[in-house]
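Two complexes, one shared chain (subunit A), two partners (subunit B, subunit C).
And then the complex of A and B:
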């Protein structure tokens, strides 16, 4: 099976974020890492390859720094990588990112395309789905398990409230992968060394520009949530207080 | 309460590293966070070496990481240093184990060994199937190893070894010991020998009651008429320079490792000082005296990072001298120990309990300060290099 894994570089989870001057995005000087669900997507692709043979290709669209996620993918065992390299990819909406990815792979024949369920930064959960639509392929989201069946696959989807759905699908297909579905491997030191000699195809913005359109979605402004703290005393009989408390936890704090 | 380590980078140190160097560092960091941090306090309490980590560390390529061939990863010196930093962020004892396996056993086999010796030992040691130890120090000769009493005598096609070695890391778990001995038939020249631990007359006994490096095995070795084939002599070794060359490799790794221990202590103290409140419901981090300690630590850690990176870059360009490595080992271990003491102070009583890693690092660093050339011996090495006068 030939599998493409779409991977995004996102700010590190606990990194303190500062807004840029225009307040439209965060400043570049943070630490970055692989988007978490994408790491699980890569792991799943590598496992599928170990079972069924084939090839794993990692792709990302982003500035020079985002090459790091491809290096990591290659070090962990991906066979080659495609880097759509331009700072301009940071500001694209999900539709245009999907268009760019589709344009970059137009001469390739993949059986499966994996993306993460969503990105940890923008959280659109759209890129994979839109990509499938652009390619005219079927897709399934929030995938927890993938099995080959004859010439298709059977996937397990996570639904709400602990329910799962099993879907039989033909190939080729796009799957968006849930976090935590497998155990991530470490890049080995040898793997990191060998990654240097694996092919990495660069794609410029100009090459995919004809496929792109204007952004349909644009971040106008980011706001840092105001920290507020106030203490409220609930009064009344214990049963009444308990009721009020549950109501507050459910509807205000939304933790229940 | 376990505080999660967040890394320490005050001066955009990461921007001095290549993508691969960062990837190596991050990989080692994740491995240590996932596999060593959860068990290390218990290992330290029990005085137990976490042997279960040998195979996983080998799988990642941690052993002999900077050697080329024989299954080794062929890392640069900076990459290798970043691995030791992360190992020691976990625990100096575990880092010591890796240093000995890599720099003190695999390296001399690689540098001074015969083709057969390399084939026999290096792939197996890289995979962690065979473990090694390095026997230089003796009960009566530490800083002055040139005075050693261990002797090798040629007898037909064999050498016969006699002597005592002391303070030997991994001594009782090793399959092979690199033993340094004076060869009687060669005018007492110091040479290295590979002694398999199952040779009759070879005994290793653990040193108990250590309050430092408790997660690492330290033993004394006794060799009584141990017969080894002459093929076990490391043919390229000769003179005190040979073991010192090995120590240079290991000292270089220690200079990085110490930063790891310092980072662990600093980051823990910083986080603690922000949530710990005393007087007027204010965090202790709001006090000038506490800030002074934190500012001292971050400054020294940052300087230590720049120092060892430069030494690493020199080493990668084959321009490093032993006096440069001495400066990095001496400075960085000293600053790490000072950081540990300050961090312990900031944590108050909590600083002495093993709910936090600080006291363990502090106790570990006392050994690190002493082994591989004591702090003062490195002062003398630097002194000699700038004055041309030997003051040992």
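And then the complex of A and C:
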């Protein structure tokens, strides 16, 4: 099976974020990492390849710094990578990102495309499903298990409140992968070395531009969310904080 | 003709998903703000009963969109049916709850119509005749005001809990119901879903617990779970966790709180090393008192905490257990 894994670079989970001067986006001078659900998507693609053979290709869209997620994917075992390299990809809405990805792979023939179920930065949870529609492929979201059947696949979807569902579907297909579907591997030293010689195809904005349209939604501004509760910060040495907490547990929460 | 807001309610197995009422409340608020008509639709097979439930609310009309192909949910059938209906009825704004089912098909539906959807919104505002929809970004660290830059219909989904279902307005009289039969060709539906099931009987019912001590990534290692268990024990409460902890197998899945786990509302929710991703918050924000300990002062969990401790949980928890034992002897 030939599998494409869509990956995104996002700010590190506990990186302190600041707004840019216009208040329309974050300042980009932060540490980045692979979007966590995308790491599970990559792992699942590698496992499918180990079972059934084939090829795993990682793709991302973003500025030069985002090449790091592809390097990591190659080091973990992806066969090659595609980098849509331009800072302008950061400002695209989900529809345009999916259009750019579709344009970049128009000469390829994948059996499966994986994405993480959503990104830790924008959290639109759209790109995979939009991509499926643009390609005319079936899709399934929030996937916890993938098995090959005769001519298609059988996937386990996570539903809400502890429910699951099996779905049979034909190939090619797009799947959005849930975190926790598998256990992530680490890159080995030899993997990191080999990654340097693996092919990385660069795609410019100009190449995919004809496939794009105007953004249909626009982030006007970002702001610190309004608090719904009055939060009281307890300060002091640990022993003092412990005393204050017990006071709150007794007199406010009334659980002691 | 006046512009229209269409709320598509969610039904599963012939029952309305309760979050649908919240979306109708959102629609009623938007209708007041804009002066637009509010209509509702329910899609499925034999859904006229559900349509009349919705028609009791303050909406001007309810559509029962029906096809045997809608009896079981598939993204192909639901997107095809709603595309046909929306293309002919031409609402300006289409609202749905941000459920796992809706997020499975609404990006497809919007794309098929050459439109976009602003997902997982927590509110809206109107400034100079322009509607802005507020949604969380960066795991809740920021909220973004987002506008539509293209033509209607504009698609919006609202997060579970964004509006209060008990604020719903009933209508003076039942709204008229129109049945809309949709033809969906056999080849359209490609996925073949089986029935939904639960993995195992939930051994622990966290919804009944009055005190919950929950751990997140900040617990660092599996062996440290013991410390949180000791705190839970001292408080006479249950231990719970955010998703990554259960994914790692450090606690069983039935201890998970959040959108994919249990939704709880205890007297006390004590969150240790939980950053507060949206998926976790929706499962516990109904707790009466929330105490959060986290080393990151910007962690979104602090937005909803009553008492916040910025610090290392490994420094705070041991003396806290000692203090609790002083006032509450082990039972």
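Quick note on the criterion: the second predicted complex is superposed on the first by the 225 of 256 C-alpha atoms of A that agree within 3 Å, B and C clash if a C-alpha of one lies under 4 Å from a C-alpha of the other, contacts with A are read in each partner's own complex, and residues count from 1 in each chain.
One rule holds in what follows: a residue touches a chain if its C-beta (ideal position, glycine included) is under 8 Å from a C-beta of that chain, and two chains touch if they have at least 3 such contacts.
This is a predicted model, so every value here is computed, not measured.
**Q** Is A:212 touching the first partner subunit B, the second partner subunit C, both, or neither of them?
**A** Neither partner.
**Q** Should A:130 be classified as contacting the first partner (subunit B), the second (subunit C), both, or neither?
**A** In the superposed model, A:130 contacts subunit C only, not subunit B.
**Q** Please work out whether A:14 is in contact with subunit B alone, subunit C alone, both, or neither, and reply first, second, both or neither.
**A** both
**Q** Applying the touch criterion given at the start, work out whether A:192 contacts subunit B, subunit C, both or neither, answering first, second, both or neither.
**A** first
**Q** Touch test for A:161: subunit B only (first), subunit C only (second), both, or neither?
**A** Touch partner of A:161: subunit C, not subunit B.
**Q** Which one hits more subunit A residues, subunit B or subunit C?
**A** C
**Q** If you lay the two complexes on top of each other, which residues of subunit A touch subunit B in one and subunit C in the other?
**A** 14
**Q** Which residues, counting only subunit B, touch subunit A once they are in their complex?
**A** 4, 6-7, 12, 14, 19-20, 22-24, 26-27, 30-31, 59-62, 65, 71, 73-75, 79, 83
**Q** With touch defined as at the start, can you tell me which subunit A residues reach subunit C in the complex?
**A** Where subunit A meets subunit C, its residues are 11, 13-14, 16-17, 19, 26, 93-95, 98, 120-126, 129-130, 132-134, 138-142, 157-170, 178-180, 214-235, 238-239, 241-243, 245-246, 248-250, 252-256.
**Q** Give the list of subunit A residues in touch with subunit B in this complex.
**A** Within the complex, subunit A contacts subunit B at residues 14, 29, 31, 33, 67-68, 71-72, 75, 186-190, 192-193, 195-196.
**Q** Within the complex, which stretch of subunit C touches subunit A?
**A** Per the stated touch rule, the residues are 75-76, 79, 99-101, 103-105, 107-108, 110-112, 115-120, 132, 135-150, 190-199, 202, 210-211, 217, 235, 237, 243-244, 246-247, 253, 259-263, 267-268, 275, 278, 288-291, 296, 298-300, 302-311, 315-316, 318-320, 322-324, 326-328.
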